[in-house]
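I'd like to ask you about the structure that follows.
Think of it as A, B, C, D and E in the order they're written, each chain with its own count starting at 1.
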Amino acid sequence: MDWTALGVSLRLGVATLIVLLPIGLWLGHLLATRSFPGKALIEALITVPLVLPPTVLGFYLLVTFGARSPLGQAFASIAGHALPFSFAGLLLASAIANLPFVVQPIQRAFEAIPSGVRDAAACCGLSPWQRFFQIDLPLAWPGVLTAAMLAFAHTLGEFGVVLMVGGNLPGETRTLSIAIYDRMQAFDDRGAGVMAATLLVVAVGTLMLTTTLAGRTTRRG
Amino acid sequence: MADTPLRVGLRQAGPIPLDVAFDCARGDVLAIFGPSGSGKSTILRAIAGLYAPADAIVRTGDRTWSDTAAGVHVPPHQRAVGLVFQDYALFPHLTARGNVLAALGHRPKAERVARADELLAQVHMDGLGDRRPDALSGGERQRVALARAIARDPAVLLLDEPFTAVDRPVRRRLQDEVDALRRRLDVPVILVTHDFDDVVRLSTHVLLLERGRVMASGPIADVMRRADLPWLRDAVGLGAVVDARVAGVDLERGLATLDIGGPALVVPAAGLTPGALVRVRVPAREVILATQAPAGLSLHNVLAGVVTEVHYLPGTSQVIVQVRVGATHLLAEVTGDAVSRLALTVGAPVHALVKSVSIDLHVVS
Amino acid sequence: PAGVQKPPVVAAAASMNAALTAIAAQFEQARGRHVDLVFGASGALTRQIRDGAPFEVFLAADDTFPQQLTGAGLTRDAGVVYAIGRLALFAPTGSPLTVDAGLAGLASLVRDGRVTRFAIANPEVAPYGQAAEAVLRRHGLWDAMRPRIVLGDSVAQAAQFATTGNAVGGLVAWSVAVAPAMAGRGTSVVIPASDHPPIRHRMVLLKRAGAAAAEFYAYLQTPAARAILKSSGFEVPE
Amino acid sequence: MADTPLRVGLRQAGPIPLDVAFDCARGDVLAIFGPSGSGKSTILRAIAGLYAPADAIVRTGDRTWSDTAAGVHVPPHQRAVGLVFQDYALFPHLTARGNVLAALGHRPKAERVARADELLAQVHMDGLGDRRPDALSGGERQRVALARAIARDPAVLLLDEPFTAVDRPVRRRLQDEVDALRRRLDVPVILVTHDFDDVVRLSTHVLLLERGRVMASGPIADVMRRADLPWLRDAVGLGAVVDARVAGVDLERGLATLDIGGPALVVPAAGLTPGALVRVRVPAREVILATQAPAGLSLHNVLAGVVTEVHYLPGTSQVIVQVRVGATHLLAEVTGDAVSRLALTVGAPVHALVKSVSIDLHVVS
Amino acid sequence: MDWTALGVSLRLGVATLIVLLPIGLWLGHLLATRSFPGKALIEALITVPLVLPPTVLGFYLLVTFGARSPLGQAFASIAGHALPFSFAGLLLASAIANLPFVVQPIQRAFEAIPSGVRDAAACCGLSPWQRFFQIDLPLAWPGVLTAAMLAFAHTLGEFGVVLMVGGNLPGETRTLSIAIYDRMQAFDDRGAGVMAATLLVVAVGTLMLTTTLAGRTTRRG
C-alpha cells in the first residue's frame, strides 16, 4: 500500500476543493442570477474539460503551461519552478478538469432559490455579499455539497490529466490512482486491489461523513 | 430636507397598468385599499425597488430612490424600507429569531439577539424563536414577517396585508404595535389591506385603487364621508370616521363623553382618560334618524343636526343621509321608506340616534 | 530546493516495469543509491520530457522516441539500444488456443471460426503492436482475424484482455509473458525474432541528468543489469 | 352507509397538541374558529391524510380513511378531499388553468379544459387562465387554489382561510360559489377562517378551538347566543344568528318581513322573495333595549320580549342581555348604566329595537 | 477525421442517457423522498465509479462481466455474443461510469421541491406516478438537464473505461475520444487536434442547443 500516494491524492482532493469551490460559487452564482448574451455558450464551454479525453486535456494543459510556453515560463520565473510536474501544476490541472462538476450543480442550486426570498433579503438591508453568505449560500448548500462530493471523488479517481501534467513523481505528483494504475499495468492485481479497496474505503467514508454532518446542520426542515 | 414626505409617482401602460401619484408624510399611515389585482402589491414593490415600472419617481426625505427620467434606481438593500410581503417570504433555513436577526445588521452586534427576542415578543411570538418557518402556523409566520420588517428600523414601512392570517384579538394587538411603532419611528407607513378595521384603526389617509388608478384619496375622514364610492360601500359599508377628544369620564356609570365640536358623544368609558385623542367610526348602518327626540331608550346619543345630503343608492332601496352634527358629518343608511315617512330632505332638522356601544372606538394617543 | 538531494527520476516504458524494478533494486544494493522509477507510455513520456519533466534517464520501448528527443537537443547523446523486445503468443488458462511458435494452433482455431477475440497492442501507437501485425500478416492470418482483434492501449492492456479470459489469446511482449506476476495465468511461447522487424529499445541520458543518474545509466549497461534484462524476456544487443 | 357523516377524532399530546372529535354531515358547513396557532390547519391536514397524529380516526361515508388503532391510513391521493391550502401551494410550473386541470383527472379528457375554464370563471379569474402563479396577485392565486380544490368534485371540502387575500365584494361572491357548490355536491365542508362574515354566511355549525381543544361546538345559532365565550366576543362580537323565512315583501316600501317564530322582523327587501330562507345575524352591539315602545324613529323593528339572561362582562362596563322574542333569542350589548336605569332583570318585559339595515342578512336558499 | 468514431461516440452518448436517465430518475427520486437506514452509505457508494481510476474500473468491469464470470456467460448465452468488446458492453460500462453524474443532481433537484407542492398534488388526486410525471419531473427539470449534460459530455470524453471494456474495435467500440488518444499517441498532433476540435464543436453545439431549447420550455417564470 502506497500511503504517500494516498496522501498526495487526499491533499489534491482537498486542495482542488479549496481552489475550485470559490470559483464554482462565483461562476454558478453569476450564471444563476444574471442573464447576458452568450450565457448559453459559456455554460456549454464550461463542460469542455469533460468532453475531452483526459490524456488529451492533460496534453493540452502541458503544452499551455509547459516549459516551452510563455505562460509556463512566466510562472517558472515567478515561482522558481515549472508548473507541470509539480503539485501546483497538478492542482491547476485538477481544478480545470473538475470545473464542470462544480459549476453546474451550484448554478442549479442558486437558480432554485425563490425570488421572493432574495427580495426579502434585499429588503432586510443585506448587501449583495451579506445576501450571498447569509441567504443564498445556505439555501444552495445541498447543491454545493453535491458539487464538492463529485469534484472530490473525481479528483481521487482522475488519472489521465494528472498523469500527463504531473508526471507520476513519487511523493509529489504520484496520486493513488496513478499508483493503482501502475500496479495494474505490472499485473500486480493483488497490490492494485488492496490500493483500490483502500481508496474506496477512504472515499466512501469521507463522503458518508460529509453528507451526514452537512446534512445534519443544513436540513431545511 | 427631512420633512419632505415620501413622494411616489408610478406610471406605465402594461403589463401591470399603473397610474398613481401620492405623498405620505412622516407619521402618516396611508391605507391603499382596492380590489384584488388592482396593483397594490406592485406599488409597494416599486417603492422598495423590487419592481421597476416604466416611469417611476420615489423620493423620501432628501433622498431620491427612483427617478426613471434621471436614470436613478437605488438598489433595494440601500433603501431603508421595512416590507411585509404578502406571502411573508421568510428565510426557510433560518429560525424565527434568525429571520428577525437578518434585518438587524445595522444594530451593534451585542444587542441584536436581545432586540430580536423583544421584537418577537411584540408580535406575541414569545417562545417560538427557535422554530423554523415550516414548523410555524400561518399566522405565526405572518407575525415573524412583521417583526422582521420592523426590525430594520426603516425609514418607510410598507405593509402588504400584514394581518390576514391572525385572529381578531391578535390583529388588534398587532395594529396597536404598528401604530406605536409608527409614532415612535415617525416614518411614513403604507398599509395594504382588505380589512376595513385595519384602515380605521391605523390609517390617517386612504387611497382607493382600481386597475392601477386612484379612484379617491385623502384624509380618512374626508374619504369616508363620501357617499358616492360604490366599491367602498360594497367593501366596507359607509360610515363617518371622526377624530375626537375625551371631554369627561363618568366612572360610576361607565360612560365617557367625546367632544366632536357640537353635542357630546357618549361612549363606554373602558380604557378612556380625559383629554385622550380617540378615533371613532360611526357606521352608517347603525345610525337611526328620528324627527323627534325619543325617550326611554337604552340609547345614549340623541344628536340634533341638519340633513346635508340625501344620496339614493342605485339599485337598492337604501338611502345614505348625511347629517351635520355640530362640526361633524355623520352618515346614516336608512330605507327609502323611512326617508319618505320622516320627510328627510336637505336642510331638514333631524335627530341622529347612535348607540354608545355601536361606535367603533380606539385610542389614538 | 537546495539541501536535500532528491534521488534521480528514471522514466521508462511500462513494459520495462518488472525488469527495471529488479535492476533498480540491485543497483541500490550494489551502489547504495536509490532511483525513483516512473512508468508510462513511451509517447507520453517523450511529450513530458519535451515539456520539462524532471526525468534524467529515459528508457523507451522503441527506437524513435529517444531519437526525437536527441533531435530536439534534450539528450546528452544519441543514447544506446539497451534491449531488443521479443513477442510471445499467449493463451490464458482454459483457452482453446494451443500455443506454438509457428502459430499453427492459432491458424486452426481461425479456420474453425473459434476465435472470439484476439488481443494485440495497437499497431498505430505501440511497437509491439506493429510487430504483432507483422507476425499475423506473415502467417496470412491478419485479414481473417482483423475483425476479431481487440487493441490494447499498451501491450500490458492487450495482455489483460487475454488474462481475464475475454480473448482466446494474444501476441504480447515476451517480457510481459514471463513476468513473475503472470505466473500461472496461462501458457506462452516466444515468437521467432525473424517473424517481425526488431523492436529496439533505446535509452538516453537527458541533459539535466546528474551524477547519480549517469551512474545508473552506466549500470544498465553492466553485465549484471543485462543478465536481468535477459531473464526478463529481452534480448540484449552485443 | 352513505349518510354517515364525516367523523373525525384526533388526539395527541405533542408536538402539536390535539384533542378534538366532531362530525360533519353532508351539506353541513363546519366552521373551525380559533386563535392563530390553535391547530386548525393541522386538523385539516390530518383529515386529508397529510399529517398523521398519534391517535386518529377519520371516516367518511362508509370509508375509513384513518384509524390508527386498526393501522389504517389511506394515502392522501385516495381520499377524495378538496383542500385549499392556507399558503395556496399552487404548482409553480403550471398556468392557472394547468393548476385546475391537475385536479380534473377523474373527468373525461374531452371536457377537462372546458371545465377548468368554467371553474376559473366561477372564481372570477376569466382571462387569467394562461398566467403562471408568479404572474398573479395574491388574491388571484388564492382564487386559483379555490378553483383547484373544487375541481376534484371532492367528497369532503376543506377550506383553510380561503378568502383572506380577496376584497369583500369578491369574497362575498366566492362565499356564494362555495355555498352553491356545497349544496350541489352535498358534501361536508370544513371551513377555517378568522373572518366572522365567512362563518355567518357559510356555516351551519361552529367549532371553537383553543390550543387544540374544543371550547364550544354546535349549530351556529346555539353557539352564537352563548354569552360566556370571551375569546369569541373579542374575535367577532356577540350576536344572535337566526334562520328565518321571508313572510312577505313590500316592494313599494322596499321592505320585507321575516318570520322568526313570533313578531315579524322587518328588513330591506333587496333580493328577497317570499318563502325564501334567510340567515340573519343581529349583532348584540346594535340592539337597543327600551322599556316602552318609542315613536317617530327611522327604525322598523320594535320587538316585544322578555329578558332571559343578564351577563356582566368581566372587566368592562358592558352587559350582555339575552332577550327571548317569540321563539328566538336575541342578544343586546348595553352599558351597565342602561341596565340599572331601565331595571333590566331576568323576567322583565322589554322591547328590542333593531334597525332593519343593521341586520346582516343573506339568502340561504 | 474519423467520422465513424464520432458516430460511435454520439450513439454511445445518447444510448447512455436513454439507459441512465430512467435509473437516475428512479434512484434520485427514491433517495430524495424516502429516508431509510443506510441511505448515506448508498449515496456514497453511488460515487464509487468516480473514485476508481477509469482503467481500473474498466478492468474490474471486464472481470465482472467477462467471459469467465457467470454474469458474462449468462449474457453471452442470451445475446449470442460476449459483453466486452461489443457496443452493449461499452454501453454498460458507460452507464456505470456515469451513474454518479446522473443520480446526485437529480436527487438534489427532487429534494428542492417544496413539500407543500407535493401535498397539493396528492390532494388533487394524483397518484404517485401521475405526481412524478406531472409535478416532480417538470419541477426537477433543471437538475435532470444538468445530469444529462454532465453524463453526455463525460461519455464523449471518457476513454479509460471504454478502451478497457471496448477493445478499440473500429465502428463498434472505437469512440472518437479513443481515436483522438490514438492519434496523439502516434504523435499525429494535427489529426488529434482536428478530431478534438470537431468533438468540441459537436459537444458544445449539442449542449447549447439543449439548454436553450429545454430552458425555453421549462422556465419557471
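Note that contacts are C-beta pairs under 8 Å (C-beta built on N, C-alpha and C of every residue); 3 or more make two chains touch, one makes a residue touch a chain.
Source: prediction; values computed, not measured.
Hopping across touching chains, the smallest step count from subunit C to subunit E is 1. With centres defined by CA atoms alone, the chain at the far end from subunit B is C. Taking each chain's centre as the mean of its C-alpha atoms, the one that lies farthest from the centre of subunit D is C. Between the Cα centres of subunit D and subunit E there is a gap of 56 Å. With centres taken as mean Cα positions, subunit E sits 20 Å from subunit A. Taking the mean of the C-alpha atoms as each chain's centre, subunit B and subunit E sit 60 Å apart. Subunit C and subunit D have Cα centroids separated by 90 Å.
Among the residues of subunit D, those touching two or more other chains are numbered 87, 134. Along subunit E, residues 55, 59, 181, 184 each make contact with two or more other chains.
Shared interface positions of subunit C, i.e. residues touching 2 or more other chains, are given as 44, 157, 160. Chains touching one another, given as pairs, are A-B, A-C, A-E, B-D, C-E, D-E. For subunit D in complex with subunit B, the touching residues are 34-37, 40-41, 86-87, 136-140, 143, 160-161, 164-172, 194, 196, 231, 234-236, 253-255, 268-270, 285-286, 288-292, 294-300, 316-318, 332-338, 342, 353, 355-358.
Within the complex formed with subunit E, the subunit D residues making contact are 45, 48-50, 75-77, 80-83, 85, 87, 89-93, 102-103, 105-106, 132-135, 148-149, 151-152. Contact residues of subunit E toward subunit A in the complex are 40-41, 43-45, 47-48, 50-57, 59-60, 100-101, 104-105, 107-109, 111-112, 142-143, 146, 149-150, 153-154, 156-160, 177-178, 180-181, 184, 192, 196, 199-200, 203-205, 207-208, 211-212, 215.
Those residues of subunit E lying in contact with subunit D across their complex are 114, 116-117, 119-128, 130-131, 134-135, 138-139, 218, 220-221. By the touch criterion stated above, subunit C contacts subunit E in their complex at residues 41, 43-44, 94, 116-117, 119, 122, 124-125, 147, 150-153, 157, 160-161, 164-166.
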